[in-house]
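First chain A sits with chain B, and in the next complex the same chain sits with chain C.
Presenting the complex of A and B:
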């Protein structure tokens, strides 16, 4: 019964993945015959390619910002929206809304909001007298990566709020009642009950957000295409450009092997530190 | 008091952060470009449907819409079919084979689908599957099988063993048990997974970007990208196109909110 799934999956997932590994040891422009170059692509990536090093740095910074802000915000909002009342349910529905939009739509809407000349963001900042902060968000290499990270947080915080609410609602209410009786402050309750009890959920949220940030492509492609000056280039956009603009297929494959290694490494590290149990229940 | 104020201010701020951009898009789809630039949040001077008419007239939104529907519907149907069959097999097999199959598909969760773009591209050039909706459907099925099998297997494992055993005693074969017991019982899980898959297929950019160049084969995300002009973007047309592209999702979200949220969060938690 598993035959159709195994067939499609082997032919269009596992086989390409193995081929990808093979490509990474070759120099290939897609036209002439591929040439076996051993580990050359990898040694070049590690020692000579300043641009790729910058891009990996970008991706790490992007991931850290998104993970920290998205996790903190969604946990905060989830603690506010824990009880099921009309208002909290309505707010959860609103917060979740961006998740159903396509990333291209989100990218293009934010390109409009960020526009330095007529964008809504700068218009609002100027209206309240903060002219100093009306920046060229996507056009300045100092801010482009952060602007995209902010969009990413806007995009997925609502989804994480829902995950947190589900997790926090599992915490027995008597724990809070007992703390209340003992005169614990809100902060103490959060620190000693919510935070430790929500740790498994945090693990899920952090793991998902991290992987998602390392896989990010759509927002960058629709907002800046990696620019200006590669300031917002991420690993997947780099793989795409190396392969389909520069036609260095072998080199692009080597980059994608790096991506796999990074993702596996991060997953492993997080499992160790956060002790996630991924097993099927 | 301080807590309550901070809480309300923060909650309102984020709600506005979601509602304001959304309103700009909805209102903008009825406006002319200038009106969007000068008064993005004001109600349109007249609720004219010119933008929608233009969009239909130029014809470059109807075809991608149709293509997106075809790709999403077929991808989701076959992924659900293949994944549920495989998940049933895995959850029922106590032998080594079941374990091996599960590990095989788990590999797919460890390898991000994006890394396969290069080999898939060359394979599809050879098979003449570029500029083909069938090609996109096949890619979607392959990419989403691991996560779907993962979600459905955990669900099938929760169905009490006795249900299967009773059917087995009554002489029902595996296909029969799958069809009359596993499937009906897993309708909520299938629905949630289906929506999760639909969103992925409907919104995918990377693979269509690489595989599709012909205008009549483009899907909605590609068309939206094309609306971003080289020098100037017509935001009235872009916002209208975004509206059209988002309507199926919004309708589904409103009609099946519970399943929708369950599907998208299950995808995140299990993935």
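Presenting the complex of A and C:
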């Protein structure tokens, strides 16, 4: 019974993955015959490619921002949307709405919002006298990465709210009733009941958000194309450019192997941290 | 700009072998000149004005004595009398291209082609230009049904040629006799033609002629005048150059103008570009630093809008169309965007040369081919037949004219009359100037060299430090080339 599934999996996933691994040891432009170069692509990445190291740094910063803010906001919103009333259901729909939009549309909308000369964000800041905070959000290398990270948070928080709501609704109501009888404040209830009980859901949200952040491509591509001067370039946009603009498929494959390793490492660290936190050895 | 209709004159016979191509000089007749019927050899008043782009058209230009007289429009040449389109076999093929904006006009042409060839079907497969650059080769090489497709001059054309995907079209009569021979260069390797460059465009800044006239501004013709112009226009509350620096693709068009007069001759320019493209020279070279300094000078002179590095190619044409900007420095391909945004801009757009030297310029403008039509060498013989027939159909004057008028772009096919599109006619005078085939596309390493190079110039145009930016980008390019 498992053989067809294994065959399909092998054909669609395993074979391309192995092929990608094989390419990572080659120099190949997609046209001429691939040339075996051993570990050259990996050693060059590690020792000579300052831009890729900068991009890995960009991606780690991007991921940290997105994971922290997306997780915190989605947990916060979810705690207010637990009860199944008409209002909370409507709010869940509203929060979830950005998730169903096309990422290119989201990129375009936010590019307008961020427009330094007439965008809504700067216009609002100027309207309340905060002119010095009206920045060239996407056109300045100091801010572009953070501007896109904020868009990513807006784009995906609603999705995580739904996951949190589902997780938090599993917490027995009598725990809160008992806490209230004991005189626990809302903060104490959150700290001692909600947070520990939500850790498994948090682990899922954090892992999912991390992977999502390391795979981010569409928003970057549609908003800045990685610019200015690679300040908002992420690993996947770099892989795309290396493969399809520079036609270095072998080198791009090596970059994608690095991506896999980084994601595995970060996810493993997160899992380990969260497990320790809730007592599972 | 006030425009009156063109006037056809009695036939001015061309040689039997020479057929008409496109006018090299053509603009509308101004009201002052329209008053007197233009006659060959008779004095005229405004240089560059022409009566149209047909065989019988005249152009006002200086004669050997330096006097302005009506002369024959200089025509491009094919090598014979134009031939009719080939007949296609029955069958279905795909036409891959990156021109979603041309979808409707291509469909009209395809419908006519299918009506003329019952049983033949062509399906358009369209990607945006970015995806096409990156993905077309992989998709088309794996798909023999993609029997007719387009490539971009330079790196992509070379990629398809190296991959053995381009069918030799040298022997086709429609290639020899319907296409302006000088326009074939981008589709030629050695002495063989592997593609027909179809759409001719001019990557020179567009300007609002009405705004210039109202304000009494003249088009700057030297570098010093350009910087002075920027200061004057900015002082009037108008954006001098609506440069879409946030969008690399269109922001890079201006680089063509900076390159065209940056070297004493074409050979030197080509070798300097090749040196950077292969890592033999750095962006920190004196030559390239001088170019970068000019971007900085434009920024300092207020040529660009505030926060230009966040100024996108959505906002730039909108500002130009709305009369907030005097110049939109992209090219003729941007005209239809502008007139779609503001139909009242029709007839007001002209092309200018961005001259970045104070001496006599080597070149006065940029030309290029948007795409080259080719036949897939890996398709079946029947599908190749359909593909050839389709290209030959596109290469007939009535169809080329339909495409030109429908897309507001010039074409490299002979006998095409642009009179039906005022903006094409108004911008045709650029063809009478000394033009350089867009040098920006001589950078073959798009991802590794051209993109970081243009990113550096964009940052500098936005006010970044020239020395540091060029040094950092040079390092990135060198490391990229070594990978």
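As a working rule, the second predicted complex is superposed on the first by the 262 of 281 C-alpha atoms of A that agree within 3 Å, B and C clash if a C-alpha of one lies under 4 Å from a C-alpha of the other, contacts with A are read in each partner's own complex, and residues count from 1 in each chain.
In this section, a residue touches a chain if its C-beta (ideal position, glycine included) is under 8 Å from a C-beta of that chain, and two chains touch if they have at least 3 such contacts.
Here the structure is a predicted model, which is why all the values come from computation and not from measurement.
Visitor: After aligning the two structures on chain A, examine chain B and chain C and state clash or fit.
Guide: Partners clash after overlay.
Visitor: Just to be sure I read the superposition right, which of the two partners does A:14 touch: chain B = first, chain C = second, or both, or neither?
Guide: In the superposed model, A:14 contacts chain B only, not chain C.
Visitor: Considering only touches as defined above, state whether A:251 meets chain B (first), chain C (second), both or neither.
Guide: A:251 contacts chain C only, not chain B.
Visitor: After the superposition on A, what does A:96 contact: first (chain B), second (chain C), both or neither?
Guide: A:96: touches chain B, not chain C.
Visitor: Applying the touch criterion given at the start, work out whether A:51 contacts chain B, chain C, both or neither, answering first, second, both or neither.
Guide: second
Visitor: Tell me which partner A:111 touches in the superposition: chain B (first), chain C (second), both or neither.
Guide: A:111 contacts both chain B and chain C.
Visitor: Name the contact category of A:30: first (chain B only), second (chain C only), both, or neither.
Guide: both
Visitor: Based on the superposed arrangement, let me know which partner A:240 touches: chain B (first), chain C (second), both, or neither?
Guide: It touches chain B and chain C both.
Visitor: Given the touch rule stated above, what does A:42 touch, chain B (first), chain C (second), both, or neither?
Guide: Neither partner.
Visitor: Which partner does A:190 contact after superposing on A: first (chain B), second (chain C), both, neither?
Guide: neither
Visitor: Applying the document's definition of touching, compare chain B and chain C: which contacts more of chain A?
Guide: After superposition, B is the partner touching more of chain A.
Visitor: Chain B clashes with which stretch of chain C: 113-121, 311-319, 419-427 or 437-445?
Guide: 311-319
Visitor: Output the chain A positions appearing in both contact lists, the one against chain B and the one against chain C.
Guide: Common to the two interfaces on chain A: residues 30, 108, 111-112, 118, 240, 243-244.
Visitor: Per the contact definition, I'd like the list of chain B residues that touch chain A in the complex.
Guide: Interface residues on the chain B side: 3, 7, 10-11, 14-15, 17-22, 24-25, 37-38, 40-41, 81-83, 85-86, 88-90, 101-102, 104-105, 107-108, 110-123, 138-139, 141-143, 145-146, 149-150, 153-154, 157-158, 174-175, 178, 199, 202-203, 205-206, 209-210, 220-221, 224-225, 227-228, 233, 235, 238, 242, 245-246, 249-250, 252-253, 257, 260-261, 264-265, 268-269, 271.
Visitor: Using the touch definition from the top, list the residues of chain A that touch chain C in their complex.
Guide: Checking each residue of chain A against chain C gives 30-32, 41, 44-45, 48-51, 108, 111-112, 114-118, 136-141, 224-225, 227-230, 240-248, 251.
Visitor: Sort out for me which residues of chain C touch chain A in the complex.
Guide: 133-135, 137-138, 159, 162-163, 245-248, 305-312, 314-315, 445-448, 451-452, 455-456, 458-459, 462, 464, 469, 472-473, 475-476, 479-480, 482-483
Visitor: Please output the residues of chain A touching chain B within their complex, sorted ascending.
Guide: Of all residues in chain A, those touching chain B are 1-2, 4-6, 8-9, 11-17, 19-20, 23, 30, 73, 76-77, 80-81, 91, 93-105, 108-113, 118, 120, 123, 154, 157-160, 162-163, 166, 186, 204, 208, 211, 214-215, 217-218, 221-222, 236, 239-240, 243-244, 249, 252-253, 256-257, 259-260, 263-264, 267, 280-281.
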